[in-house]
Structures are given as C-alpha cells and as structure tokens.
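First chain A sits with chain B, and in the next complex the same chain sits with chain C.
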Partner chain A sequence: MTVRKLIHAFMEKKCFQAVLAPVRIPSGESFAYELMNDRTKIEQCEPLPPIMPIPGARVLRDLTRKGEPDFKILCIMHPCEIRAAVELAKLRQVNLNNITFMSFDCPGVFPTKDYILEPKKYDTSYDEILKTFEGENFRVSCTTCIHFSDDGIMTDIHIANLGINGDKLLVQALSKKGEECLGALDLSLDQETSNRQEKINTVRKKREANREKLFSEIRPQVKGMDNLDSYFADCINCHNCMRVCPICYCRQCFFDSSDTKRVETDNYVSRARKKGGIAFPTDTLLFHLGRMSHMNLSCIGCGACEDACARDVPVAQIFNFMADQLQKMFEYLPGRNIEEKIPVLTYTEDELHEYEDAKEKP
Partner chain B sequence: MSKIGLYLCKCGPNIAEVIDLDSIVQSISQDKTVAGVQIHNLLCSEDGKKFLAESIKKNEFERIVIAACSPKQHEATFMQVLSSAGLNPYMMQLVNIREQCAWVTPDKNAATAKALTCIRAAINRVKYHALLEKKEIECDPGVIIIGGSITGLETALRTAQHDRKVYLVEETTLGGRIKNMRVLLPLMASAREILQAKIDAVRNNKHIEILENCTIDDILGFFGNFVAHVHAQDKKEHELKAGAVVLALDAQQFTPTGLSSFGYGQIENVFTAAEFEALSSDKVVTKSGKPADSVAIIHCVGRKQLGYCSKICCANSMKIARDIVSRSSGTKVIQFYKDLCLPDKSYDRFYEETQSKGIQFIRYNEIEIEQKDGHVAVKVNSPGDEGIKITVDMIILSTGITPPSRAAEFARMFNVPIDEYGFLKQEHTILEPVSTITEGVFICGGMYGPGDITDSLAQAGAVAGKILSSLVPGKLLELEAKTSTVSETMCMGCGACVDICAYGAVKLDQNKNISVVNEVLCRGCGNCASVCPSGAAGHRHFTTRQIAQEMIQILK
Partner chain C sequence: MKTIKIQKSPDRAIQDVLRYLFENDKIDGVFSLIKKGNGSHVYSLITKKELLSEIIPTFPLMPANAGKMVSQLTVLEAVKKPIAVVLRPCELRALYELVKVEQAKLDNLLFISFTCSGVLSLKLKKDELDQKIQAYWNNIGTGELIKGLRETCTMCTEFIPYNADIIIPLIGQSLSQETSFIMNTEKGEKYLSGMSSEQSEENIESDEIEAVRKKRTEQKKTVFSNLKLKDLGWDGMINVFGRCINCYACTSVCPVCYCVLCYIRSEEKDKLPLSWQKRLNKNGSLRIPDDTIMYHLVRLLHVGVMCVGCGMCSDVCPTDIPIASIFTTVGEHMQETLEYKPGKDLEEPMPLAVVNPEDFEAAPIETE
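Entry: the complex of A and B
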C-alpha cells in the first residue's frame, strides 16, 4: 500500500472528488500546489516534497476565501501548513467545509535556494532522510520544530510515516471526517506494531534541544535597538517575507500603505538632524516589528519568511523566538483548535500580573 | 493650503502667570502655515466668545487652534463658537496649556517649552482634520421592561401613554413570584385578586405590548436608542426598539440544599416558604395527604451564608402562619426565630395579632431538623435553655432573598456593576436608588436587594417618573460624529473588529464579506481601528495621519 494507492481507494469510494497536493513543476526544480481530479495527474503528485516554496495555507486561502467549494477536496499538506490554515479559518480567510486534511510526520524541508541549484542531489538525500528523520541542511525553522507529527494540529487523516518501513502504511483517522473516510474503505487493517511513539519522542527531544540552543543564541542578538538594527541590516524592505507568510492576510499591508510610504521630506530631514544621520531604506525595523505585532500570536514557525528572503536575513529565527514567548504568555498554540480564540480578541480583566513592573521579563 | 488661526488664552491669570505667551507668539509667527496668532484674556467669557467668532470671520480662518484649558472644560464651548462663525466645528484643536502645562510646574521655562511643543503639534494635526457632520436622531420614547413581575406590570402601567410604546418581556407568564402566593402583607389581602387586577389592566392597555414566554438575547445601544433582540418559545425572533430599559425581574428565594441541619431535600415534609405558598391545596396537608396538625416555621435559614438580612421574611413567615391557621383552625403553628425583624410601621401590630391567634414564638440559637418516626422533629437550643425537641408534621424554612437568576448576565450586558451579593448596584445608594450608572437603564423590584411589595411598587413609580421626565417624545439625541469607519476596499472580513467592539456596533456583511460600522451605535472608542492590522478600520477624528503628524512635531 502506498499513499497514492490510498488516495485512489478514497476517490473510488467518493470520499472526495479532487486532490490539492504538491506536484513537481516541469523543469523539475521546484514544486507547486495543484488542484486536480485527473487520475494520471494524481499519480504524479508528491505528498511530501523536500521543499515548501509557498505554504499550502496560502493556496487554500486563495481557493476558499470567497466560499466553500461544492465538492470535497483532499488537501495534502505539512503539519505546519495545516496549522496555518486553521488560524486563517479563525480569521475567516479559509473555509474548511468540504476540506479533508491529510498530514504526514515531517522531517523538515530544505531551503528552496539550495534545492533548486541541485534538485537531484537533494531528492536522493531526502529519500534517505525519510527513513531515519535524521538529516542536515534543513531550514533552521524545521530543526527547531516540535509540531512535526499529529500532536497540536487539527488534521483528519494522518500518515504516520516516521519509522515505518516496508509495504505497510500507518494511517490514523484523527477526526470524524477522517473516520468516515477510512470507514468507507474495505481494507484489512492490522494492529500497529511499530515503536513509533518512542521514535517520535526521540526526534522531539532533539528538536527541543535545538530550540533551546537556538533561542539562547538569538536572545543577545536581538536585545536593544542597536542589536536589532544589526540583525536586520541586510534587509532591503522588499516585503517578500510578508508576501509568502501564510498568516499575513491583509489586502494591502499597512507597511505598504501611504501612511508609511508617502512620507514628507521634512520628516526624513528632521529625523536625520535629531539622530545625526538616517539610513535608507528607512523603517525596515518598523516593518518587521510591526508585522510581528500583527501576526506573531498566530505564527506557526514554518520559516517560509526566511526561505523567501532575498538577502538571507534570519527572519524566521527572530519571529519564532518571539512567537514562542508570546504564545507561552497566553498559553496559546496556533492551529491546535479552531475553537480557541486568538488572544488579541479576548478580554480577561485579571491577567498577566507577572509581567507588571518586572525589570527583567521572565 | 487652509488658513490656520491660533488663539492663546491667558485664562484670567491661570495660564499667563506661568507661560510666556508673547514668546510663543514670536516663535509661531515664524511658521508660514499659521496665518495669524492672537492672545485673549478669557476666551470662554461672553466677551471672549464674541471676539473669537468675529476674529475668525474677519480673518477668514479655515482651521483653528486654541491653546487654553482642558477640552473637558470648553471643547464644546469653542466648537459652538466655530459653528456660529460659519465653520465646521471639527476644524479645531484645543490644546491644554493649563492643566497640562501651567498647572503642572512652577518652572516657567519648562511650561512654556512644553506649551509651544503641544501647540506646534496641534497646528500640524489640525491640517488633517476632516469635515465631520453632526448627526441627530429623534429619541425613541418607548420603554422595554424586562420581567413580568408585579413591579414590571406597575412600571408598564405608569409609563404607557399615547406617544410612548411599552414592551413587557417575560420569560414565562405574567405575575412573577406573587403568582404563587395566597395572601399579601400587611393586610392579608388576596394575592390573586390584586395580581389579576394588574394583569388585566396591562392586557387592556393598548400602548403596552406583552411578550410572554420570550427571552431577551441581547440589548445594544444607549439611552434614547436601544435595540433589543428577543426570541420566543417557538424560536421566532423579534427586534424591539426603545429609549429606556427597566430591569424588573423578581428576586429568588434561597434554597438551602447543602445546609444539612435543615434537612431540606433529605427529610420529607420540609419546604421552603415559597414552595409552601405555591402548594395549591386549600387544606394544609403533608406530602402523604394527611392533614398537618402541627407546623414549624423556621426563620433566618441561610442567613449566615447570604451575609445579610432579607428584611421581609419574618413578616412573611407570620403571614404564612396566620394563613395556615385561618385555613385550618386546629393546626398548631410555632415560629422559631433568631432576631425578629419588623421594619414596617404596621408590623408591630401584625406581630401582636399573630400571637393573639395562638401562634407560638420561640427564640433559638442553634436549630436542627431530624426525622423521627415518620414525623419531623425540631431540636432547638434557646438562650437560657438546655435544649428542646418538638415533633411536628411539617416544617417551613423561611429563607432569604437572592438576586434574580439572570442578574449577572444583564449587569454585564449594560455595564452595570454588581455588589458582593450579586445584586445590581444603584447609581447612588442614597440619592439615586432606581437608576444605574448606565444612562437609560433602570432597576426596581428585586434587582438591587430584598424588598416587599410596597417597596417594589414605590420603586416602579420612581422609575416611571424618571422615564417620563427624561425621555420626552420629540427630544433630539446628538449622535457621536467622531465615529469609526471601515474601508470597503481594504477590509478582508476577518472579523477582528466585530469581536472587539464593546458596543456591538460593528457587524459583518455576509454578502460582501466586509465589516460595516453602525454609526448610530458607534461610540468612537477606536478599538476596532487599533486591532485592524491593515488599517481598513479607521477613526474619523483619529486617523493614522493625524496622530502621526502630531507625534512627529512632538518628537522633533
């Protein structure tokens, strides 16, 4: 049994009428999401590609923002992409009706810039990595990701591929939708015999250690305005990170608006006078900190921002670092549960006392 | 470019003695964007206002900055002057150089410097003010009364008139707690007759619309302009519009489950006073149907748990005792009391008359109810006694009064605070007993504490008086002009502003998938503009540009 065979079995039983999954582009160097119902096309899809040029949640947003499709779609995405889609659903930018999610245990993805130079080398390397989940050269965000499996995400069907070798496929139905789909198949189901949970825990421990190490390295790099300026010194304010971010949904980003773009000459001149100089392009830090304050509560740590950065600024690392702390403050995990409201929209009179008057924030 | 005029007020000596206004005039005269600067001794005086209006007209100023006292003091005053001078009243900015500069420090240099910065900032801001239109609507003189209790009925009767519609909304049927009573204090009059008379009067009044078996889902709006959403038992929904809301829900009686010494819910033939009064049988019988030869009425049940005296239960217990004896002359009634509370002038005599009917009164310190051979026994420790045990056929527990079940919900709905017992807080305990801090929302009956029928009816009259005098048909309400707006082109329909609005003024247009601000309900707080990441939601009088331009001058 392979994933493709499974998809076919589902479609024969009319569990869904189309598939939204990554497909290798003709040149072979990259992947793009395609919505397809043609059997041959589906045969060619790559459920777990080695790169993630655009997070799938963005695609789902384009597809369903204006309404639900009138047929069922199987949406094959990485765990982080599903979490982003759930966050977008909370913001009414994605309609999850008629969408069935299929997720995988994810070892991580390579930086797109590296992959497209030598796709075949990375493909081979990835096939090996899928067996052991141990690999180098992944996105930094992936090496510190602890939600790479089925926990903390709202998925329907989960392919538990970590540590499963051979012809068997471990499929989990993690929702009513998933149960209905699996129930529709006439498959002989064996009992799970692998030591999968142990393997998951091993990988998670490693990732948590990476996470702690990375955050402790980042902390001194981003303390204070001078350090922040250095951190973002290479930024050219192209806003690619914002464009590719699955959470950023504004039709016009505030930092592209006339309020921030059509600034009087006198403004620049007086700032230069006051500080002894002004560097151009201006307000890059304003853009990053502003965007962070808008979307950080929902940041799922996919690292698409850093992947798309034209100048290799470690954007994802600082955003993940901040998201980790901010989400812990509110005990909020984006994408975990669609009923869980984003904290900026809830009001609790009595909260956050531990952050009042603290000299050194906990 | 608009002609900007700046006026500096000496404020008697309040401002002039600390701030060097002449130096400010000098500094500002170098600003080419300001067409003229003038100093006046007291702009808010009749003479000052006349001067201001004439000066504006003569100089043909289009935007005004006034440096004077706090906007809380005179913003409205100067806005009126602008109107009288033919300018849109929002084309002005009032800078506070009194409370925030002159009155903050004796240091003249510091105060003058700060005043100059603030004035420069205001000049920059006023360049970006928009012409806002003042809107007025006629107030809705109608009233929504929540609760078909006798208080609600009375309020309805007193407020309904030919030019004032009254809605009476009740979750079950009309009548409230009195429905289940037989007689009323202090005259032992028939509860049914009195109640029915009120209900009939209400039903016959064509200005009162009764909505029985209806539940209030929410009420939005403000004084003169409330909108209520109600659903009936058959799920049908109604929208009611009114200018005032009266909360007239009946209080409840405390149920002593969990107080094991009283045996409620565990021992047979132990009733609360309300349950006993609701028993329909004319004869006084136990659960098994046998006539009750002896009844004990226990006062002050749960008093310690509630933490307050409920004022009416002692007299009510006597009322019940006398009613029992009048229905069943052979029945012996004993009242066990802790402290006898007789606050009304008629109650002393009522007590004497009760005793004269053979009803016994025993004081107790501690009391316990036990089951004994199919009877109930009362074990009592009285002051000065070792203890007595009395066997009776039935026990009536006189418990205290607790807030209506939806009190907290309605309190939240109207931003009315509740006290430590769960009752709603009056606007002022002495001076304003029937209104709340939310204008247009009134309380009576059991809403702010225990009371008897005469209390409730007096409060109903008070509420009616307030409504009749303040909510006059034809009165105009000025709506907030400085409201929020949502740009149709920029909005992505995420709904953040809808969630965050405390006034229910922002709704999602499901067809266009954008948010829309109801300008009648909007209070201009700007929370929506704050939460919107793209700036699609904005505030008419606190645009990003206005705030930024003010900040830029301050930080220069």
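Entry: the complex of A and C
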C-alpha cells in the first residue's frame, strides 16, 4: 500500500472532506501546499517531499487564523511542521478543530536553494532515503533533529517508513481521532517490529552526536557581543528569517514597525555621536536577539530561517543551540502536547532561582 | 565643469575630501558604505572624522539600497546639519522617488556619487566575492560585463548620477592613483571651494561612457528578449513565480516599496473559513498561501513606474526568481508609455499621482 492509496481510502470512507498536502509545482522544481477536495488532484499530491519550501504550520495559520474550517481536513506534514502548528494553536494563531495530522518518519529535507537547481539529482535517491535515512546534504537543522519520528509530537496518524521494507506501510494511530480514522478502514493493525525501534535508536544516537558536535562548535562563536556581531556580520536585515519562521506570527514585527522605522532624525544622529557612527539598517543584531527571546521557547528547529537567508547566515544553528538550552531550562518541548503551556505564559514569581546571577559553567 | 583632482585612488581621495569638509565644519556627518571590523559591509552614518578611514564608498557591493536607508534617516524630518552622502546613481534615483512620495527629505544633504560599473551579487560566497573584486577593478576602464555582477547592473543605462552635487568619473578610468571630483551643481562647487588641490575642467560624457552605454543597451535587449515576457501568459507566470515561498523579501528590500505594512500581510488579506470553502469548492484545490502571482503583479503595478532597476529584489530572493529583470523590463515599458524617468527630476510628478482623462485615450493597447 502507498500513502496515496491510504489517503484515497480515507476519502472513500468520508473520514475527511479535504486534504492539505504538498504538491509538486507545474514547473517541477519545487513544492507548494494545496488544500484539495478534488480526487484526481489528491492523487497527485506528494506526501513526503524532499524539501520544505514553506513550513506547513504557516499554511495552516493562513487557513485557520480567522476560525475553524467547517469541514474535516487531513493535514500531511513533516513532524516539525506539526509541532510548529501545535505551538501556533497554543498562541491562538491556528485552530486545530477539524484538523487531523498525518506525520511520517522524516529523514530530513534538502536546502530549497540546492534542490531548485537540480531537482532530479535529489529526487532519484529520496525514496530509498525515506526507508534508510542514509543520505547527505540535508539542511543542517535536519541533521541535528531528534524528533524525526512519532516521539514528542502531537500527531494523529503516523506513517512509519524507517526500517520498513518493501511495499508494506506501517500506520500508527496516535490519538483518539487517529484511531477512529484507521478504525473506519477495517485494516488489521500490525505490531511494530523490534527492528524498527532499533533503527530509530541508531538514528537518534547519530543525531544526538551531530547535535553535540555542532553545539560545541557554535558555543565559542556566539559568546559575547563581539562574537555575536561577527556571527551576524553578513546579515542585511531583510527579515526573511522572521517571515518564513512558522512560529513568528506577528503580522508586523516591532522591527518593521513605525516605532523603529519612523523615528526622528535626531535619534539617529545622537546615537551616531555616542560611538562615532551608526549602521543602516539599524538594530540588526538587536532584531535577532529580540526575535530569539520571543520565539525561541517554541522553536522546533525546522531550519526554514536558514533556508531562506539571502546571505547564508547560519541563523538556524544559533537558534537551535539557544533553544536546546532554553527548553531544557524550562523542561519544555514545543509541539509535544497542546495542554503543555508555553513557559512565558505561566510566569510565577518564585521560579528559576538557580539561574539568578548565573555564571557560565566552566 | 569645474573639477579638482586628487592623486589618490577613489576611496582614499573621497576620504580626503570628506576629511576636508569635516575639518572646515562644512559637514557634520558622512553617510557611506563602510567595512566594519567584523568584516561586514554596511551603510553607516559617521559623525567622527577618525572613522573616515573605514569608508569604502566605491566597493562594489550593495547590502541595502542607500536611498531606502537615507529615507529611514529623514522620513520624519530633514537633517539639521549638513551630511555628505556617498551613494550609487540608482540609489540616488530611488531617493528622489521617495522624496516625491514624502518618505524622505533632501535638505542639508550633499550628494557625492560616481559613474557606476555595477555591483557584485549579494549571493556570492565570501571567497567568490574576494576573487571577483580584482576582476571588477581591472575591467572598470572598459566596462566589461564580468560574471558575478547583478543582472540589472549589466543592463543599466542610467549609470551617470546626474543629480549628484559631486560626480567622480570611474568608468573609463584606468585604475590610476588619480581621482577627479566634478562639481556638478553650485552646491558642489560651494562645498569644494577652498580645497587646495589641482584644478581643471572635465566633462562627464566621454567615448568610454558612450561605449559602455552601448554595451549595456545591447545586454538589456538580450535580457529582455530572453525573458519572453509577451509569451508568458498565465501558465508562464505560474512557471516563473511558482517557486515563490512568500517570504516577501523583494518587498522588504525594495527602495520604492515603502509601505510600513504591505496589503499582502495585512488583516484585510486574511480569509474567513467560508471564503476558503467557497474557493475550494469552486476549484477543487487551492494553493496556500494564496494570491502569490497576484502579489507580484500588484507590486509590479505599484512600483513599476518608480522602479530604478537596482536589483535588490533578485539578490535577496531565496528561490532565484528573476524578479529584478522582470520588474526592470515591465517598469521600463511603463515608464516609456508614461514618458517618465524615475529619479530624474523632483519637479516631475509621479504619473500615478496625476490623472488626465486623455491618458486613457493615448495609452497604446497591444492586441494579439
């Protein structure tokens, strides 16, 4: 059975009235999310695309920000996209009523810029990569992602492809919604093979090692203002990272608003006088740090920011590095559970004393 | 025109002139491209003359359109004390357009510019950039269109900064240790008077300039015809803009796209569930985010007539859509139809701000 056939079966049983999934664009070199109820169109969808040009959570935000859809939608997305959507639901930017998620084991995606140039080169091996996870040239964020399967994700239906051989499809129901849908299909549910769990563990170990290595490389690069300034030296302040970020949902960022972009000339001149000069655009580093403090607890490490950076600043890497520490600090995992509140919303006066006057550990 | 000559390379000579202006209290600050200690190239407003050694005004990189940056500086009020602004011709033209739409004020600004050989693409990696720099300067005499230049620069014919107060001829100059400062306006003369440098008379136009203009006009024809815009149609546009990821970077870096919040990101653009459902039932499928082609066409309609062809939009596009070439091509057609040159004359009203009933009769409508 293929994923497409499974979707078809769901539609036959009227489990859903529409499907939201990636579709290859007519010119062939990229993918876009489409909401579909036309059967022929649905049959053309590509549930497991090798790139993620636009995070699905952002698509779901556009679709449901003004209210829940009146019909049931099956959303097929990468694990990180679903986790981002759950975070957006907590922030009331996405409405999950009538939405059912279908996720799959994700080997990672390729940088969009690379894929667009030579789609065929990447396409040929991807079917195999989906089963083996053996591949190269992924987004850096993907190589350090440890939530690539059904663990730590609030999904409904999960397709297991890692370690599954042949044409068999291992489908798991991970919520009541998921169980109902699968129940409607009269399928005999298979038991997960031990081989699969082994493979998951191997991949996780590898990713954890990648993570540790990358983070230890980044740490000295971002320590102190001078280093941070160098890290973002090539930034031209286009704010692409923010606009493609699935979590950054403000319609207008403070750094694009009149409050920062329309101020008196004297303000700039007096700031220039303090140090002898002021860079234009202004506040480039402050933008990144401000954005980080706002969204980093919910950062799911999709890497869309780095993918869209006009200057190849490794912006996702520093955001992942910071998110790792911040989320551990609050014992918070974004996208795990909709009931789990974002820590900034649960502020109490008596907390985090161990971090007061914190000094860097040797 | 009155000219002074300084026996130094362009950037050093510009530093000397600015130092003179600083020391004689003729200016209070300098706005120029600088290279910071961390290696970044960025426009800056400098108020301390000791920092002049960091400016690199002719370095062929445009991290932002300086017109847009000066607009940020002067959008609410004019600067109170004189500031010398060193920028490229297209940046000055963009600034002129921004003044017309009340987004910038020119009072107390002294403009220094140069005949422009274009800039290198922001997409070049650091080592690629280092490699191209030498080739760039080697070819500045002939105006050879080297690889790595922005596509819009290779077809730019408005490379003389006709509105600048002081013009430095770079095109056609061998990389000598002599730099000329042509006083293009009375203001320019006033500021430079008193400088004890070699005086002479020079013209901006030259055979070399004409040769470069010819070369670029040819290149423009090639780019225009390769785009095949007329054959594009709806399907063609889907092919061109299909890979757009709706990051709207083209808007955010465009010097003449000045809205604080674009309609495409506004609340009016959000759709109610019923509206999505209607569209879905009508079409059987719909792409989200929606209205991508509409976004590009509307932006083209809004800014086409003001487009100065700086090429920032293409340089920041993560999916390499040739936006700048499309906008320059269509923009020029619009500008020709309306007999308008963006950035040329402050007194010339923007066509979109003037409505004459006769315009509608005069507009040539092409039919298949």
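Assume the second predicted complex is superposed on the first by the 352 of 362 C-alpha atoms of A that agree within 3 Å, B and C clash if a C-alpha of one lies under 4 Å from a C-alpha of the other, contacts with A are read in each partner's own complex, and residues count from 1 in each chain.
In this text, a residue touches a chain if its C-beta (ideal position, glycine included) is under 8 Å from a C-beta of that chain, and two chains touch if they have at least 3 such contacts.
Note that the structure is a prediction, hence the values are computed from the model and not measured.
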Simultaneous placement of chain C and chain B on chain A, clash or fit: fit
First (chain B), second (chain C), both or neither touched by A:Leu91: first
First (chain B), second (chain C), both or neither touched by A:Arg211: neither
Touched partner set for A:Leu345, first chain B, second chain C, both or neither: first
First, second, both or neither for A:Asn240, with chain B first and chain C second: second
If touched residues of chain A are counted for chain B and for chain C, the larger one: C
First (chain B), second (chain C), both or neither touched by A:Arg83: neither
Contacts of A:Arg251 with chain B and chain C, given as first, second, both or neither: both
Partner chain in contact with A:His294 - chain B first, chain C second, else both or neither: first
First, second, both or neither for A:Asp259, with chain B first and chain C second: first
Contacts of A:Arg139 with chain B and chain C, given as first, second, both or neither: neither
CA minimum distance (chain B, chain C), superposed complexes, angstrom: 8
Overlap of the chain B and chain C footprints on chain A, listed as residue numbers: 66, 251-252, 257
Complex interface listing, chain A residues touching chain C: 18, 20, 23, 25-27, 29-30, 32-38, 41, 53-54, 58-59, 62-71, 112-113, 116, 226, 229-230, 233-240, 243-244, 251-252, 256-258, 261-266, 268-269, 272-273, 276-282, 284, 307-312
Touching residues on chain B, where the partner in the complex is chain A: 489-496, 499-500, 508, 513, 531, 533-536, 544-545, 548, 552, 555-556
Chain B contact footprint on chain A (complex, rising order): 66, 91-93, 249-254, 257, 259, 267, 270, 274, 294-295, 341, 344-345
Residue numbers on chain C that touch chain A, as the complex places them: 29, 31, 34, 36, 38-40, 42-48, 50-51, 63-64, 69, 72-80, 122-123, 125-126, 235, 238-239, 242-243, 245-249, 252-253, 260-261, 265-267, 270-274, 276-277, 280-281, 283-290, 315-320
